[in-house]
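Chain lettering (A, B, C and D) follows the sequence in which the chains are written, and residue indices restart at 1 in each chain.
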Amino acid sequence: MSTLIIGLSISMLLFLLAAGLTLIFGMLGVINFAHGALYMLGAYLAFQAHATFGSFWPALIVSPLCLAAAGLAIERLTLRPLYPRTHEFQLLATFGLILVIEEVVRVVWGLDYRHLTPPPGLTGSVALFGSDIARYRLFVIGFGAAVIAALFFGIERTKLGLVLRAASVNPTMAATLGIDVNLVRSLVFALGAGLAGIGGTIAGPLLPIQLSMGFTIILDCFIVVVIGGLGNIKGAVFGALLIGMTRAFGQLYAPEWIDIATYVVLLAVLLVRPQGLFAAKERLA
Amino acid sequence: MRMRVSGIAAATVATLMACVGPAMAQDSFKIGGVLPLSGAFGIVGENMRRGAVIALEERDNKVLGKPIQVIWEDSETSTQVAVQKTTRLLSQGVHTIFGEVSSGSTLAMMKLTEQRKVPHIVTLSADDRITGADKTRYAFRTSNSVAMENAMIGEFARRQKIAKVYGIVADYQVGRDMWTALKADLATKNIAIAGEDFTPIGTKDYSILLDKASKSGADGLMLLVVGGDVVTSLKQGADVGIKDKMKVFGTMLMDETLGQAVGPGSIGINSTLRYHFTERSPRNQKFVAAYRAKYNEYPSQYAGEAYDGLSWWLDTVETTGGWDKEKWVDAFANSTRFDSVEGVKKMRRCDNQASQIGLFGTAVAGTGELPPVTMKITETFGAETLFKPCS
Amino acid sequence: MIARETLAALTLGAVALSVRLLWPDDGTLYFAMLVMIWSIFALGYDISFGLTGLLSFGHAAFFGMGAYAAAWTMQRGGAGFGTGLAAAMLMGAVLALAFAALATRVSGLFFALMTLMLGELVSLIMTTRLRGLSGGVDGLPGVPRPDWFGVDFFENRHFYWVVLALFLLTLLACGLLRRSPLGQALLAVRQNPVRAGQLGLDVALHRLIAVTVSGAFSGLAGALLAGLMMYAGPQTLGWRISGDVVIMAVLGGSGTLIGPVLGVVLVEALREWLSLYTQHTYGLIGLIIILCTLYLPRGIAGLWKARA
Amino acid sequence: MTAPALSCRDVTVRFGDFTALSGVSLDVAAGATIALIGPNGAGKTTLINALSGRVALAAGTIALDGRDITGLPAHARARAGLGRSFQIINIFPDMTVEQNLRIGAQAHRFRLQPFWRPAAAWPELAAQARAMAEMVGLADMLDQPVGRLSHGRQRALELGLTLMAEPRVLLLDEPLAGVGRQELAATVALIDRVRRGRTVLLIEHNMDVVMALSDEIVVMMAGQVLMRGDPASVRADPTVRRAYLGDGEAA
């Protein structure tokens, strides 16, 4: 039972990262290799905000906002001119972005590990089902669930969500209906980047904040979104749960096989349903 | 057809071989420093570089009457890149190779330095093969070996009267080898193994493993993980108060640098230390003063070991009075550093491993000028308890 | 246009030869060998990507496994360097065939993702499960170089001839391939697979062939790199290596014969040259990649073509 | 009695929940030209796709000259003598006319494409390309990149490409779509030339062309064959007039 809770917390962290990646793909058709770098930048910004304001909560607001702003700029400057071209150019641009973002972080924060403490009240642990579980993990689960709910509500129930869905299914048609597709794309990229910022901030108290943190996490995100079906929030939730639980229960029984098990699950999904488990005609939601 | 082409090529090669013979004028002493200056070990490499720089400045950047020129290369925490950069440095005719951090990189570089007959100074990598199965005439280690670290950990467990140990071990060869050796040592000391887990390098969640350990009935937890995983596991362990349930210890598991990354949860973690700035030897006091003046912080264990090894090497080169690499190597193999930062270090001619004392410390809250998490030396082990005699 | 391609290839060969004759210092030779080896990799990669239109992100697996295959045959099997290279090509080809058989079931970006994941799986298995074979994260140091005709190939100025010869052979082979019916057919598959199929071309089979050949050259490059460094390690299997080769091919001008080579020269030269002046090499390279992506859609080769 | 050149039995094609073809059976006698008409969405192109191997069948069989080809992939059907053209022009966009046709020639000539000699080492490939260019009226523009050709010329090239595989049975999907008024007569004449000696299944909306070229007409609706007959009787049939000719001719 405690394994389930820990698995859930791993899943939520994975989801926060994968959601941005999958949203960006759904709307822009771009696989954002720089998503991990954005997440890392988010963690450093959170560290900086924490150091400046002396608390975790402002960091959880400042870091995603900064990332969203950076996302706007990145989309305008590097991706927008590339939509008409083939995929490899977009991949290349995001590859270049990784190098640039890492350089910026190296110059600003150096190579030292940075540290983020959980907010007061969320430190320490509670005994649940015979195990000690960190309070912060329970918060991560709750927060992740809230983000999922917000994303679903936003995309399924609001006018903005309708516009997003329309623009992702058929950009040309949406444009003729008077939707500013470029603006929608910018906003979605900013939203995705903001989610990376949230992910970085939330991960801060759990994982070391360092330059290579984005490099290792991006593959996990790919796995999650590919399993769920690219561009699909429902799929990302499912993929995150599947991988999070595989990790948690794997640690219980055979930790040294976890990584391979993850890939086997992934390849099995790809072979049976190459487009992912939740691929629908609509790429969003 | 192809045979003929390669025959012609061979003939060409043979002709061109005749017209070579670079007579080198020694206008500087070139050191090739291969260190991870980026990637997961970037912070370690950067500290080693800083320590090495102090060793050079201490002698006004000169040896044998010529200026010292250091070419630093970033291995990007990748053996592949380390090898690539070393090959290039060797092709530029360096007189000494200095590095690396990861044992795998060091071992791969040793093949190259042996091939090119260039002295190679190792001040951090701990794998036993470096001065054991794969030792070479040209590579020297002035720092600790895994066997030495293991001996300290076993001795620590015995002195702390730990009855049962649980092992969380990074799933790679060095980790597994070290754990196997340690288990054998613990068995001789009547310390039981409560359980073990091998976990991939880069594991992002240790809480299940920590939970398993805390329920295993063990009173000691050996955390044998590397790089960022040290921080991950300790951070997540701190959240569930693991160190209040059992003694947590390991090799290079905690120091001031890691303490900064883990935060207050570090207090009470026990670890071997390769070097500590509080050592009271005169050379160390001088080094710490110079280091603080230059970098405005206390030297880390990586910096200290780098300084110590490199200054020892350069002093030895100086004593030979000439530019013969073979003589340097012979001299170093037979040298004893009476005033190293950690007292006497003696290079063992049999395996090019420096015998030396060992340190064990526990993390405490730093006071005054000290870093927020500071290591307090709790045990000092004599060289005689840590090294088996050379065979 | 074909004549111009030949001319460009000849120029490349001449440059590579003159480097050996005019600047035979070790550092320069080493750099030139690195460029040639990566060029073989990029040329091989472009058979899959530029020629056939399959954007693979798993080529590091063929490259790295080529290095391991060479190391195994030479270190454990006691075979010579030639056999090592052949084993590497075979390994690259077989692995590529397996990747392609799985990944050509999907198209476009999914092909890229699938190959990426397969590559990571190979990397993972090699690093964590087959430690005995691969040397784990430490890799296998001490990969030998040839010992032909009593020449000491551990000297870079001698090993250079081996690398140069294989580079020229690869250039020749790729040039020929592009002009052969097979090359033309692959181009047709890239431009319009539906039409190609309706003309009687077995599209799936030709895709398999393209990736397999591409894998063989990648394996060759990996083995040569192992020879140059006297080391085979798991980092060569990682996805950043796959990324590097995509970057080089596209920056240089994918789909042309010499484009991939130009891309390798550009990236390696930038790395070398920038690191002399600044600590921020990688950031600047990143910036240059972005700028090239934006303003040089056909790569460096395209620039040259536009002017000519 | 000889087997029909092309025949399908109970062919059903589904896309998800949508049934595009349900139980279509059709025989085309050797040497005949049959026109396929019907409103948009009737399943004409889907039928051609099913016959040529682009879409998989949910049920049914397809035979070419009496030989079952149901499970064969598109390229194998092409090798067996079944050629097709596309409604949207489908050629190799970044090549010249000659390169396009040469691909057709070598695709037909080699099962596995050789790699050890330049394509120029097989002069007959270029000769075949040239001959085809002459046949479809493109002889004077062999070196032109196909992007520069007019629509009608591209149609001619597409037809030429299809013919390179020396098909005995031709499936032509709206071969006049997008062809301008000036080029119409020439293109129709070309099709008329091409159909001689071959079995042809033709989708076309221009009823004048249909009447002039076809021996028989098959009317499709909602994924099924509505009726089949000679041009005159189909034109006269009241059901067809109501369902299709009445309002659909312009479509």
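Basically, a contact is a pair of C-beta atoms (placed from the backbone, for glycine too) under 8 Å apart; a residue touches a chain by one contact, two chains touch by 3 or more.
Nothing here was measured: the structure is a model prediction, and the numbers come from that model.
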- prompt: What is the shortest path, in steps, from subunit A to subunit D when you may only step between chains that touch?
  reply: 2
Message: If I average the Cα coordinates per chain and compare with the overall Cα mean, which chain comes out closest?
response: C
- line: CA centroids of subunit B and subunit C: separation to the nearest Å works out as 35
- prompt: How many angstrom lie between the CA centroids of subunit C and subunit D, rounded to a whole number?
  reply: 42
- request: Calculate how many whole Å lie between the centre of subunit B and the centre of subunit D, each centre taken as the average of the chain's C-alpha atoms.
  value: 73
Statement: Rounded to the nearest Å, the gap separating the Cα centres of subunit A and subunit C is 32
- prompt: Which residues of subunit D are in contact with two or more other chains?
  reply: none
Statement: Expected list for subunit A, residues touching two or more other chains, is 106, 256, 259
- prompt: Which parts of subunit C, given as residue numbers and ranges, touch two or more other chains?
  reply: 128, 282
Statement: Each pair of chains that touches is included here, namely A-B, A-C, B-C, C-D
Sites on subunit A touched by subunit B in the complex: 2-3, 6, 10, 106, 111-115, 117-118, 123-125, 130-137, 205-213, 216-217, 220, 247-248, 251-252, 255-256, 258-259
Field: Interfacial residue positions of subunit A with respect to subunit C in the complex
entry: 29, 31, 33, 78, 81-82, 85, 87-89, 91-93, 95-100, 102-104, 106-107, 219, 222-223, 226, 230, 256, 259-260, 263, 266-267, 270-271, 274-275
Query: Which residues, counting only subunit D, touch subunit C once they are in their complex?
result: 52-54, 73-76, 78-79, 83-84, 86, 90-95, 99, 102-104, 106-108, 110-120, 122, 125, 161-162, 164-165
Task: Give every residue of subunit B touching subunit C within the complex, in rising order.
output: 5-6, 9-10, 12-14, 16-17, 20, 38, 78-81, 83-84, 87-88, 90-93, 102-104, 107-108, 110-112, 115, 171-174, 200-201
Query: Of all residues in subunit C, which touch subunit D in the complex?
result: 176-177, 179-185, 187-188, 191-192, 194-206, 209
